[in-house]
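Chains: A, B and C, in written order; residue numbering restarts at 1 for each.
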Amino acid sequence: MISRRVFTSLLGAAAMLPTVGFAADMPAPFDNAGDVKIALVRYLSTGDFFQAYLSGVEKQAEAIGVDLRVFDSRQDAALQADMVDQAIALGVDGIIIQHGLTESMQAAAQRAVDAGIKVVAFDVNVENDAIPQVEQSDRDLARLALEAAVEDNGTEWVAGYVYVPGIAPLDRRDETWVEVKAANPGINEVAMFGTLDNPIANSVANQARAVLSANPNITVMFAPYDEFAKGVKIAVDEAGMTDQVSIYSADVSTADIAAMREPGSAWKATAATNPAVVGEVSVRTLAMLLAGEDPGHNVIVPPTLITQSMLNELDISNMEELGAKLPAFAHADVAVPEWMPLPAR
Amino acid sequence: MSEPAIRLSGVRKSFGKNQVLRGIDMQIPPGQVTVLMGANGAGKSTLVKVLCGVHRADGGTVMLGETPFAPETPSEALRSGVVTVHQNINDGVVPDLDVTSNLLLDTLASGGSTFLKRRDMRARAREIAAAVGLEIDVTLPVAGLTLADRQLVSIARAMAHNPELLILDEPTSSLSAAETKRLFEMVERLRDRGVAILYISHRMSDIRRLADRILSMRDGQIVQHFEDKPLDYEGAVRAMLGHEISEVDIRIPDAGKPVLELSDLVLREGAAPFSIDAHENEVIAVAGLVGSGKSAFAAALFGLTRPVSGRMKLDGRPHQPRASSDAVAAGVYMCPKDRLVNAVVPDFDISRNITLPFTRRHSRPGGFLSFRSERATANRMVGDMGVICQGVGDGILTLSGGNQQKVMVARWMAEASRVLILDEPFQGVDIQARRDIGRKIRETANTRTTIVFVAELDEALEVADRILVMSEHSIVGDHRNDNIDVSAIMAEVVDAGAAPRAAGI
Amino acid sequence: MQKSSTLLDLAIKYGFLALMAGLIIFFGITAEGFLSPFSAVFILQSVAITGILALGVTATLVVDGFDLSIGAVATSALMLSAYVMVVWEMSAFWAVALSLAMGAAVGAVNGMMIVKFKVPDLLATLGMMFLLLGAQRIPTEGRSVSTGMALPDGTIANGTFSDTFLMLGRYRIADLVPLSVVFLIAAAILIWAFLELTRHGRLMYAIGSNAQAASLAGTNVNRYKILAYMISGTMASLGGILLSARLGRGDVASGNNLLLDAVAAALIGFAVLGAGKPNAFGTAIGALFVGILLQGLTMLNAPYYTQDFIKGAVLVVALVFTFALSGRTGRAKA
C-alpha cells in the first residue's frame, strides 16, 4: 500500500496543476461545484443527534454548492456496505461514511478508494490511511465533564456511573473515567449500571431509582450520554434527592437544555460537540480532499462545556440559541482553508 | 371367490374408554370392488387408518396375502402394497408442485439422487399416468387442475406402487358427475387388472355403479356382507343404520299449534322445494345419509346460511335469522353436532358451559355476572339431565363423552325455546346417556317444537313423534312414528328418485 | 386420580407466588434498603407502564389473539401527546383524549383487519407496528418533541408540557405513591373485573377457548375480538401517556422493549395460581415479579445483560409451569 505521505503528496501535486491560473474563488473541482456529487452513507439516523448531524452536512454542502445524496441504512451493516457500492456506481466524487461497523465498512471503503473516490469517515474506524477520520473527541467530552465535576465537588465524592460496555463512544468515554478515578483516589464509585432498552431514559430511570435506594450516599452521578443523564435526573427527582445529587453528562439537545434549566435541577453540566458542526466538518474535510489538500488523518472536533449556570445567565432555551450565544458551540475552527465558504448563520 | 388379498380377523381399536373397532372380521378379494358402508361414527375412518398405518390395532390380525401386516407408519403400509386415497383431495397432492413432481413424490421423498433430471422425471411421470389411463400434461402445476384431475393424479401416484389393495375413502364427495365418471372408469380399469379395491362411500348411485360386494359396518363391527347378485342395497343400508326393536315406548301426544312453518324451501340450487310444518309439543326426527342435506337444513333454521328460496315462519311471523345470535334471540336454539368442535368450551367448567348462550340472563346491570344465579341454573340442569360429576365446578373435559353431551343439551334446555334443533345429539354417546337425553327431550317437548337430526334410524324411532327422511337436500318422506314401516323409510333413504315427494302437511 | 397428585397441584397453584415470596426475602436480606416502603413504590412505578400494556395485551390473549403493535402504540401516544401540547399548544386534556382515541382507533383497525379481512393476528399487528413506527416520526422528521424544537418548516415550537400533564407522571400522593402506580392498580382492577366478573369477559374467554362454539352459542365473535384489540390499543396509549409525562418530552423510540416486557408479564401470568390461561391478576403479578427481580438485581449491582437473561429464565420457567406441569396443552385449537 502506498504510504500516506506519498499518497497525499501525489494527490497534492496532481491537484496543484489545474488550480494554477484560475481566478475562481474555490479551487477545482469546486469551480464547477454543481457538478460535484458527494454521498452521505449513514448507519445511524434516528434521534436528535443524527438529525442535527444531517442538517450540518446539508448546510455545508449547500454552502459549497455540491450535489449531496443521502443513503440511510438504518442500522443494517450489510446494507450500508451495499450503499457504498451504490454510491460508487452512481459515480460520486466523494463519500462520507457516518458510523458503521469496522468489519463491514473496511472493505467497502477500500473499494471506494480503489475507484478513485475520496472518502471521509465519521465515528467509524475503517482502518484505511487514505481515509481521514472525523471524530468528536469522546475522551475530551468525558474529560471536560469530569473536570467540571471535580471543580464543583472537589476530589472526594461517592459516585454512581452509568455505562453500557461494547458501544465504541461509551468505551472511549469510559477510558477517561478510569483515568480520572485513578488520579483521584477520593472518588468512590459505589454503583455502575446502565441499559440501552428504549425508551432509554425510562429504563435508566428505573435502574437509577434502585441504585439510589441502595446507595443513598451518592452525591455525583456521571452519566456520559444525555439519554442516561435524563433517566438519572428523573430518578433523582422522584427520589427527592435533587439537592444532594449532581449529574454530569455528555451530549446536548433542546430537551436536555430544558431539563438542565429546571429550577434546582440536579443536572449541573454537560460536555458536547455540536452535531451540526460535526456534520459541517465532515463535508469540509471531504471538500479539502477533493481539492487536493490534506486535512490530516484525524480531524477532531473539539467539545464545549455547557453548564447550568451558563444556560441560565445567557437565557438559552434551545439548540439554535445555544449556537447563537455560545460561539464555541456554533462553529469549530477545523478544516477551514481560506477558500472554504461557511454556512450562513 | 379367489384367495383374498387381505384378511382381517378380530381387529380391535380403542381410544381411551371408547371402543371404536370391536373385532372386525373381513376379507377383500382381488379384482373386485368391495364397498364399505357405515353411518357416522361406525368406525370406518378408524379402520382405514389402521390399514394405512396411521393407527395401530390393539388386537386381532391382518394378513396381506400370506404375510402378517401391521404397518407402523403410512410409508410402511405403502411399501407393503396398501395404498390409500383420502377423502380430502389435497392430502394426496402438493398443490404448488407440477404433476410430474406429484407423481414422483414418493420416490423423491424416499431418497434417490439429490439432483433431479427433468427430462427423465417427465418420462417416468408420463409412464405412470399412462398406466392408469390418465391423459394429462405432466408439466402443469397441480394447483391449476380440476378436483377430479387432482384426485386422478393422487390415484395414479398411488398406483405407481403396484398395490395389492387400493383404499378409496369417499373419493367422489367433491366431484361433479362428469368427473365422477372419469374416476369410475379408472377404478374399473384397476379392478380388471386384479387390484383389490376397498371403496368407502355414502352415495347410493356410486355404490350401485361400482359395487361387487357390500360390507355394512355398525358400532365397530361388520354386521353383514352382501355378495349375491343382484345386491340387496336396501338390506345393506338397513344393516348399516340398524334397526332393533326399540325398548322405548313412544306415546305420541296431540300436537299443538304450528310453531315453524316452512314453505317451498330450497336448500341449494337445483334441490326440490319442500314444505313442512312443525308443531308445539311435537318431536320431529330427520333421517338421511351423510350429504343428504341435513346439515344445510339445520344451518338454514339457525341462521348460519340463507336458503336459496322459500319462506320460513315462526309463530306466524317471518323467520329470517342473519346470524346465530338472531336465531337465539327469536327462541330458535341449536345444539350442534361434533360437540368438541362446535360446542364444548374446553377451558370452562360445567356451569360456564351451560350458561354460555344466556349470560345476559345471569347478569346484573353493567353486565356483571351473578355467579349464584349461574350455579343455581347449572345445578338444576345437571340434576335434570342426570350428568354424573362431582359438582358444576368440574372442568368439562373431565367428563365422559356421554356426560359432556348431556351438558351440551342442557345448555339449550336451560331456557325456554320455541324451536329446539338438536343435530346428531347421540353422536359418540353410550346407550345409557342416549336414553337419558332422549327421555329428557320428550319430557320437555310440550312448550316448543323439537327437531332432532339423527345419524341412525334407531335414534329416530326412540325419540320422535314424526320422522322426516332427507335426500338430495329435500324432504322425501314424512312418517308418523306409529307402527312404522321401516322398510319404506329405508327405501326413501336409499333411493331418492323413487320416493314420492313429501307434500307438506 | 385427583388425590395422588395433591402435592403437584399445590406446586402448580402456589409455586409462583412462593417463588416470589422467596425472592423478596432473598433481596430483603442481601440488598440493603430493599424492604422499605420507598422500594416497594419504586418497584410498582418501574412496572407501571409495562404492566398497563401487559393488561391490554392480556385482553387480546384472552380471545386467542395477539397484539404486536402495543409498543408502537405506546410510543406513538408518547409522541402524539407531546406534539399536541408542544406544537399545537393545546391543553393536557386534549393530549390525553387524543392519545387515548388514537390507541382505541388503532385497536379498532387491528381488529377489523383480523376479523373482516382475515389477516392473521400476528401479521396484522406486525404491519401496524411498522406503520406506527414510521408514522410517529413523520410530523417531526424523526426528531424528539420538546419545547423550543425547530419544526420542519423552520419555525420554533413554543408550547410546553402542561403542569397538569406532567403531574400524571410526577405527582405523588402523600409524597409517596406516584399517580402512575394508581393508574396501574386501577387498570388491573378494571381489566380483572371486566374479564372475570362481566358477561363480556366470560364470552371473550369462551371465544379464546373455542370460537366456533361461542359463535354457535349466539356470541358475536367478531365484535368481541375487535373490542379486545381496542382495549389493548387504549391501554397501550395510556402507557404511552404516562411515559410521556414521566420523560417530559416526546422521545423517539421503537417501544420494542415495552412490547417484549409486556408480553413476558402476560405470559408469566399464565402460571400464577395455576390458571393456565391469560388472566389479569396473573399479568399484574407477572409484571410485579419482573419488577422485583430487576430492582433487586440492580441494587446488587448486577450488570445490565444479566437482567435480560433473568427475565428470559423466569419466562421459560413460567411457561414450563403452565404447559408441562399442569398437564394441559393450554388452549384447545379447533
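Descriptive notes on the structure:
The rule we apply is simple: a contact is a pair of C-beta atoms (placed from the backbone, for glycine too) under 8 Å apart; a residue touches a chain by one contact, two chains touch by 3 or more.
Worth saying up front: this structure is predicted, and the values here are computed from it rather than measured.
Looking at which two chains touch through the most C-beta pairs, you get A-C. With centres taken as mean C-alpha coordinates, the chain found closest to the middle of all protein C-alpha atoms is C. Centroid distances built from C-alpha atoms place A farthest away from chain B. The distance from the centre of chain A to the centre of chain B, with each centre set as the mean of the Cα atoms, comes to 73 Å. Separation between the centroids of chain B and chain C, computed from CA atoms only, is 46 Å. Computed centre separation for the pair chain A/chain C is 36 angstrom, with centres defined by C-alpha atoms. Against chain C, the residues of chain A that register as touching in their complex are 45-48, 51, 164, 191-203, 205-207, 209-211, 213-214, 216, 230, 234, 237-240, 253-255, 257-259, 317-321.
Across the interface of their complex, chain C is touched by residues 302, 323-325, 327-329, 334, 336, 341-348, 352, 356-357, 359-360, 362-363, 366-369, 411 of chain B.
If you check the complex, the residues on chain C that touch chain B are 193, 197-200, 202-203, 205-206, 208-210, 212-220, 277, 331-332, 334. Chain C contributes residues 31-34, 36, 38-39, 42, 45-46, 49, 75, 78, 137, 141-144, 146-150, 156, 170, 175, 178, 243, 246-249, 251-258, 294-296, 298-301, 303-304, 307 to its touches with chain A in the complex.
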